[in-house]
Each structure stands twice: as structure tokens, then as C-alpha cells.
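The two complexes that follow have subunit A in common; it is paired with subunit B in the first and with subunit C in the second.
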Partner chain A sequence: MRNLLPVLTVLAAIIALWYVAVAPMNIRVALDQAERAGAAVTPEGALPRRALSVWRLMLANPDQIGAGYRLERPRLPTPEQVGRELWKTTGEMALRGRAMSKRSLIYHGWITLQSTLWGFLLGTSLGILGAVAIVYSRVVDMSLMPWAIISQTIPIVALAPMIIVLSAQLGIEGRVVPKAIISAYLCYFPVLVGMVKGLRAPAMSQLDLLQTYNASGLQAFVKLRLPSSVPYLFTSLKVGIAAALVGTIVGELPTGAISGLGARILIGDQFGTPLAIWAALFAAAILAGALVTLLDMLQRVTLRRMGMAA
Partner chain B sequence: MNATADDRATMIDPVVVARGLDLTFQTNDGPVEALKDVNLTINKGDFVSFIGPSGCGKTTFLRVMAALEHPTGGTVSVNGMSPDEARRNRAYGYVFQAAGLYPWRTIAGNIKLPLEIMGFARSEQEHRVNKVLQLVDLEGFGKKFPWQLSGGMQQRASIARALAFDAEILLMDEPFGALDEIVRDHLNEQLLALWERTEKTIGFVTHSIPEAVYLSTKIVVMSPRPGRITDVIESPLPKERPLDIRDTPEFLAVAHRVREGLRAGHAYD
Partner chain C sequence: MSWLMFALAFWIGAWGLNAWLARSPWSGTRAVRILVPVLFGVTLIVLWEGIVRALEVSPVILPAPSVVAQTFANSTGLLWEDVRQTVFKGALTGFGIGASAAFLTAIAIDRSAFLTRGLLPIGNFVAALPIVGIAPILVSWFGFDWQSKAAVVVVMVFFPILVNTVQGLRETDAMQRDLMRTYAAGYLQTLVKLRLPAAMPFVFNGLKIATTLALIGAIVAEYFGSPTRGMGFRISTGVGSLSIDLVWAEIAVAALVGTTFYGIVAWIEKRVTFWHPSQRG
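== the complex of A and B ==
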């Protein structure tokens, strides 16, 4: 409870800042609309107004500032508008039994979630396998690790269309596979790095001790290295699932996809419906938060079971 | 084995025999002679301490006995076998300075670790865990996790783990080095009692002169560059050793000889 006050203070500050920013962001649009509706605005005409800063426009038209908070297509919607749009496209539709309608963010979120989970599964498996290979083979360490690092320096937006085109060339139907690959591409790396560290966590004396028992390599892996890596694994998984979600959304952006949160963001941009963009952005953030929280809970339960409560 | 006449005359039942043992590590700064011409015989039931400054090879010698390092020259035998064979025969239990208990296993689970690896039956594992927990005075702590125990208790648990599979030789590498003096005294007393009850042969590496003199039947004084033995002292102290034996003239005489040996072998430049 003691932490509640600072947390709420920060939240309130962010929302307040957001509300304040709405006025300058929307003043031009508000004045354009007011002028068209016949109201008197200074200066008249969109062109002369362009020469003035938003601050001077607000000073000259204090009466119109409020209108910026009620626009249908604002540059920057208010938190309340975003919340309402989010509710309209999720909860309200669900209440009317249309949760899986093409206009519902639940539907699009589900599409994104599926690809995210496939990508996460693929990326995590590759990351863990890669880490095992790296820890057990110096050759793999020296030959694979540099490429893993290089792979993360390539912007995913540049790579995503190539993966889509390539998978289409290979005759892979639909978007699930290429999206999962893009998503896996982003999420394998934190898992790889975390698992390498985790598998190497046991001290030299721990490994020596197993040697005095004549333990086999497999026994050392199962009884020592694997359990040692669990805390590292969970930390990586939390980073990894967020990266997988970003990867999926990026995979939905420039690829002509029509479903998924990424597609909603792009379509909202093309059709000039900022509320849709913001609602989709928030849906993605909420989804990411939920996934990370879920993994966090899983981590707590697992570590407590293992006697390593963090 | 080909025991020499000298061995037969003086030794009853040698457990460890090292002859002309050399071990040179190749490092980036050139070769380092960790052990040079080390000759030592450890008899059954001996409590042998290895004492000397850092780099004198005391830990290395222990590791050679345990087949964790392999000598570059000379011979060493454990129970008449090579150290590698002795390991396969579960000849020794090893205790490191860090207790090294697995945090995800209970104390009982930790003691079971070697038993699982060596393929003991499940019922046998339980039986042995209870037996060694009793030996180190940790009955009732089997279900606790390591972090719930003090440092001294953790180290006792790690000794129990080394005893679990009935190794005849206990190799201890500064097992109490990280503990405070009071806990250390207590553990030294307990270790002596344990040694008497189990009749193990113990190799014990330490930095502490009082610890070495208090515990050992034989004290091996070593010196660095190259790592070698400078003195082997057969302790005249009786087997029964209360803590205040450390104030007796006999004890102080042995301690003095150890100190002399350390000083002679070690140029403080």
C-alpha cells in the first residue's frame, strides 16, 4: 500500500501531461473546423494560420481551445476518447456478442496473440537450443554468437517484408508462418543470451564436485546446469515475449495484412482515424502487459516450488 | 603395487602414495611449477593437513589425489589404483571451501545428489541421508533449504554429502576458510569427533596453523615457486583433543615447528 501513492502520482502526472498536450496538438484542426462552421477565428484562413505557432493561435482564440478536446479526428485524442474507443471496440462488442467481428479489437488482438505465441515458442526453442550448443561447444560459441549479435543489428522493419516475400516464394500460404518467423527473430536473442549466462552460472567447484561423483555430461546438465538457468530463463522469457509481440505487430504493418493489431494501426493511419490507431496501440500494450505479468507469476510459482523464492 | 622396503618398514596400510610428483601448468606467462618432486605417503586413518602460503600447491595436490588435475611427472596411487580408477570406485568424498549446496534442493535433496548420480536405490538413499545427517548433527534439517541454514550448518551439510556414499577418504579444501573463528572452533571439534567415529582418512587443506595442529596426525608444510613439501610433522598430540589442548606446551611446540617450516620455505620478497 505504501507504494500505491508514488505509482498513482506518476500515473496522474502522465495523464495530466497528456491532457495538456491535447490543446496545442489539436488547435489547428479545431480552428479549421470552427471556421468552416461559421465561427469567427483569428486570423482567418488556414494559410495565414500556418505561419503562426500553435501557442499564438491558442492565445488568439482561447474560446476554441475547448473544441480541440471534442474533435472526431484529433491529431492527439484525449485519454478519455482513447478509452471510449477501446471500450467500443472490445467490451461493448463483446457484450453484444460480436467479440470476433472484424471490427473488434478482440478479434485482431487474438490474431496478433496467436502469431506472437507461435513466434515465442519458435524463438524460445531456438534460443534455448542455441544456448546449449554454445555452452557445450567452443566452436559453436565462436561461430554462432557473432551472427546472433549481428542479427539484432538489422532493423526488423527492413527484414520483415523480405521474410514475407520469401515465404510467399516458398509457397507458404497465409501470414501466420512469416509473422511467427519475424516474431521469433526478435525474441530468440534475449532467450539465447540469458540461457547462455544461466547455463554457465554454476561455479567451477560445482562442476568439479560432479566430476568427483563421476557424473556424466547429461547428469551434469540435468541436475546442475538446467536448474541453475531457470531464474535466467524466466527473465529472458519476459523480455522475449514482449519482443515477440513487437515482432508480430511489425510483421503486420508493411505487409498488406488486413487483420491483427499491426494492420489496425496501419489502416487507421491510411484512413485518417487516429482513434483507431490509439486504441490498437493500447490494446497491444495491454496484451504485452498481460503476457509479461503471466510469465512473472509463473516465475514466482516456479521459483518458490524450487525453493529459490526471489 | 611395488612398495619399497622403506614403505613396508614404516607404513602399515598406505592409502595415498606419491612419488616424485611433478605438475606444471602451461600459462600465458610461461610454465608454472605447481608441484615439484612431491613425495608423500598417507596411511589409512591418518588426518593429514596441508599448510602453506598461496601458490604452494596444497590445493593442487588434493586435486591430483581426486583426479581433478593430472600430474605431468611422477606417480600417485590411491588405494593402490590410479586416482581416476579410485574415483570410479568412489574412493573419496570432496568438500570445497564453498558449501556449494544446490539452492533448489533441500538439505536431504543435496545429500542425495551423489547417491542419485551413482545410482543408489531410493530406499537406500533415504537410509543413507538419515545416517549422515546424524553424523554431522543435522537431524531434523533434511527438509530445510540451504538458505534457511547458517554458514556453518551449510558446510556440515556439504560434509554429510561427501560422506553419503561411504568413501574411505575425505578430501577437504579449506572447508572452514570462509567461516568465523568461533564457528570454526566448533566445527573443528565436530570434525575430530566425526573422524574418530568413522575412521576415515582425511586430507585437509588449510591456511591456519592452529587448525592444522589441532586436527592433524600429520602436518605437511609446503612452500611455493615451485610448490614443494618442506616439512612433514608427525603430531605427538594424543588422539583425544579437547579445545584447550591448544594451550599446552606440546601443542605450541608443534605450532612453532610449523611456523619455522613456513618461514624457511617462503622467502618474503
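== the complex of A and C ==
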């Protein structure tokens, strides 16, 4: 709570800056529209205006600046416009009982969330299994670890269209699977690294103690290594779920998907409706925030239950 | 079937060799540490080649690595042009601008504890967001050429580097700062001689994250419109026109560039933060 005031101040500053930026960003569009509507604009004609900077245009037409805040298709919408569009496509539709309509961002968010969770599940399982293999086998450690690092330096977006084409050719229906694969690819790595660190966290003396108890390898794993890796696991899960969401949206962006938040961004771009893009972007941000917060709460509860709360 | 048998035999053989190497007395040497993962990678490629040949997979679905290598060799001019457009113009320009902007912003806000406390949670939050989504917006703002790609990269790399640098600048402990005080060092001297060097491991952590993000940003932005060159453009049109071997060649280039870029940053990190415990040994 100590951080609340500074965070709110910075947020307010960002929003204020955003409002200020709307005027120069939108002045050209506003002037074009005003001229078409028959208002007097200096200088006349779109071509001579292009030669002038936005600041000169704003000075020459001070009474048209306000119009830039009310455009239907602005280059930069105001925060208020974005908020209203977001409400129109989520809360308002839900109130009218059409939350799952194709025009509702709740529906598209749900599609994105599904792929994200599948990818998260897949990536997390792969990461944990890989980490166990790496910790227990020297060969796997030596041959897999460098490739795990290299795999993350490869821009996945280059592979994304390929994965979608491949799974379509292999007869996999729908888009959930390829999107989940892409998000698993982005999300397994933080989990792998975190779990390797966590499983190796117990000190030698603790492992020795279990040996004196005549504990088997499995017992040592279940009673010592696994519990001590939990804090590491949760930290990497939070990174992983954010990465999984990025993966899903990347999987929806370049490939002509029709549902999902990424597809809303794509469609908004093709149809020239910037408000739809911004609303989908903010919906994605809210989704990311909600998922990370959820995991954070889960982490607190679990660690407190295990007696490891910091 | 003989191809499949060969691939499987190669796999088992290479795995056995790796297992033996890892347990051998030379397992700690540099040569073995490089040889083992290389052998693993070669095995994957041999398996791929064997499966594609044995099952006669159509090149439209999955071309064999040998076919991809051939395409790669035949179209080096084209690939080089794409690398120049996407990497040198788009990604590197954006990376340079974004990294310096983030670094300077971090130093500027570091002077105010209030701003730091306000910006750090927001920066952490934004760094976790799917920022790639702004690509279409920035492409419509800055046009189709590399400027819009650089802009996407700037936004994508800014927050990870900012957050890491701010965190790094807080790394010095009271004892070290007190020592600088006893030397009568001013703000600038403390910054340059103590706090910036201490922040470097964090800064490089951010830079390494940003190398991948930079390439992702530059390539995604090209899916939303670009001149008729660039890696993202070639991949999206290649998928459309079913020249899948060229797409895989482009993916190989992306992998190569990504790894090299990361390697260069990691190499500089080693030179700059040679004193840090993680770099010793």
C-alpha cells in the first residue's frame, strides 16, 4: 500500500500525457474532416497541409483542436474513447445477455484464454519434466540445456505461420492446438530454468541427512527437492503465464484467425477501426494482469500453507 | 524404410556416445561441453531428414533439411537483403533507440525515490503485457518501411530494460555508498564509479531479454505491411504461396541472427561484468 500514491501519480501523469498527445496526433484527420464538412480551414487543401508541421496546423486552427478528441476513427483515441469502446464490447453486451456474441470481447477473450491455458499447461508440464530430467541425468543436462537457451533466441513469430500450416496439413481441426503449441514454446523456458534452480536448491547437508534416514531416491525427490522448488516454481509460473498469453496472441496475429483477441487486433487493422484495436489491446492487458494476479495470490496461499511465507 | 532405420540407428548411437562422454573423465572439458549439445542437434536434424525421406512427406508440408539447405545456398542474395531490411534497419535501430532511451530514463527517475516506487510496479506490469499487439497501430502511424518496425521494437524493448536498470541502480548497499561518501564523492562520481558498474549485471539481463523481443517485434510488424522485402514479409508470402522451403530457410536465418545477436550481447556482458560471481569460474 506504501506504493499506492506513487503508482497513482505516475498513472495520472501517463493519462495526462496521453490526452495531450491526442491533439497533435489527430489534428490532420480533424482538419480533413472539417474541410469536407465545409468549415474554413487554413491552409486549404490536404496537400499544402502535409508540408506543414502539426504544431503549425494547431496554431493556425485552434478551434479545430477540440474536434480531434471526438473523431470516429482517430489515429490516437483518447483514454475515454477506449474505455467506452471496451465497456460497449464487454459489460454492456453482458448486461444485455449477449456476452458470448461474436462482437463481444468477452467471447474473444475466452477463446484466447483457452489457448493460453492449454499452452500454459503443456509448457509447464514440459518445463517441469525437462527440469527433472536435467537434474537427474548429466547427459540430458549437457545436451538439452544449451538448446533450451538457443530455442529462446529464435524468434518464435518466424515459426508461428509454419506451425499453423503444419497442423492444418496434419488434419488437426481448429486453431486451439497450433496456438497452444506456440504459447507452450514461449512458456516452457522460464519454468524449466526456475525448476532446475529449485530442484537443485536443497543443500548437500540436507540431501546427506535423507541418506542417513535411508530414504530412497523417490522419497528424497518427493519430500525434499519438490517442496523446496515450490517458491521457484511459482515465480517462473508468473513469468510463464504472461509469456503464454503473448504466444497465443502472436499465434492469432499473422494467420488470418477470426476469433481471439489477436484476431480482433488484426481485423481492426484491416477494417480501419482503431478503436477496436485499442479495446482488444486493453482487454489483453487486463487478461494478463488478472492471470498474473491470480497466480500471485495462489503463491501466497500455498507458501503460507507450507510455512515458507516470506 | 532404410532411411528410418538409419536415422534411428544414428539416434541410438549418438545418444550412447553422449552418455559415455558425459560420464567419461573428460566431461568437464570445454571440447566435450560443446561436442555433446552439437551431437544432440545433429541427431535431431538426421532424425528429421530420415523421417521425411522414409515417410515421403510432401515438401509442401515439411521439406527435408537437405532441401532447406539447398534453398538457403541458392537464395543467399535474397536472404541477405531481408536481413538488411529487418535486422539492420528495423531491429537494430529500434534496439539502439529503445535501449538508450530506457537507460537514460532509468537514470533520470532514479534520482527520485517517489518516481521509482511509482514506475517500478507499472514497468513490471507493462513488461508482462503482450505489447506485440501495438504493431498494426505503429505501422499505420509510421508507414510501411523500416521506421515503423523500429518503432515497434523501441516500445517492446523499453520496459524490460527500464525495469532491470532501475532495479540494478538500487543494488549497492549502504556500506558501499557510505564509503563513497567518506571519499567525498559527488552524485555523478558515485553514479559512474559505483552504482552503474553495480547495475551492469541487471542491465545486461534486460538487454539479453530485449534481443529476442527486438527480432520478434521487427518480424511481427512486417506481417502488417512492409515493402516487398524483409524476413516477416518473405515468411508470410512464402506460407501463402507454398514455397515452404524458402520459409524454412528464412526461419534458419532468423535463428542464426537471433543466436548471434544474443551471443554478442552475452560476450559483451562477460567483458563488462567480469567481476560478478556468475561470470567467475
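The rule is short, and it goes like this: the second predicted complex is superposed on the first by the 308 of 310 C-alpha atoms of A that agree within 3 Å, B and C clash if a C-alpha of one lies under 4 Å from a C-alpha of the other, contacts with A are read in each partner's own complex, and residues count from 1 in each chain.
Following the convention adopted for this analysis, a contact is a pair of C-beta atoms (placed from the backbone, for glycine too) under 8 Å apart; a residue touches a chain by one contact, two chains touch by 3 or more.
On a predicted model such as this, the values are computed, not experimentally measured, just so you know.
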Three-chain arrangement built on subunit A, subunit B and subunit C clash or fit: fit
Inter-chain angle, subunit B to subunit C through the CA centre of subunit A, in degrees rounded to a multiple of 10: 70
Touched partner set for A:308, first subunit B, second subunit C, both or neither: first
Which of subunit B and subunit C A:83 touches, first, second, both or neither: neither
Partner chain(s) touched by A:210 [first = subunit B, second = subunit C, both, neither]: first
First (subunit B), second (subunit C), both or neither touched by A:157: second
If touched residues of subunit A are counted for subunit B and for subunit C, the larger one: C
Touched partner set for A:139, first subunit B, second subunit C, both or neither: second
Touching partner for A:224 - first (subunit B), second (subunit C), both, neither: first
Gap in Å between nearest CA atoms once subunit C and subunit B share a frame through chain A: 10
Subunit A partner contacts - residues on subunit C that touch it in the complex: 15, 18-19, 21-23, 27, 32-33, 36-37, 39-41, 60-62, 114-119, 121-122, 125, 128-130, 132-137, 139-141, 211-212, 215-216, 219-220, 223-224, 231-232, 235-236, 239, 244, 247-248, 250-251, 254-255, 258-259, 261-262
Subunit B partner contacts - residues on subunit A that touch it in the complex: 203, 205-206, 208-215, 219, 223-224, 227, 230, 306-308
Residue numbers on subunit B that touch subunit A, as the complex places them: 63, 66-68, 87-88, 90, 92-94, 96-98, 100, 102-106, 113-114, 116-118, 145, 147, 165
Partner subunit C, residues of subunit A touching it in the complex: 2-3, 5-11, 14, 75, 138-139, 141-147, 150, 152-159, 161-162, 165-166, 169-170, 239, 242, 245-246, 249-250, 253-254, 261-262, 265-266, 268-269, 274, 277-278, 280-281, 284-285, 288-289, 292
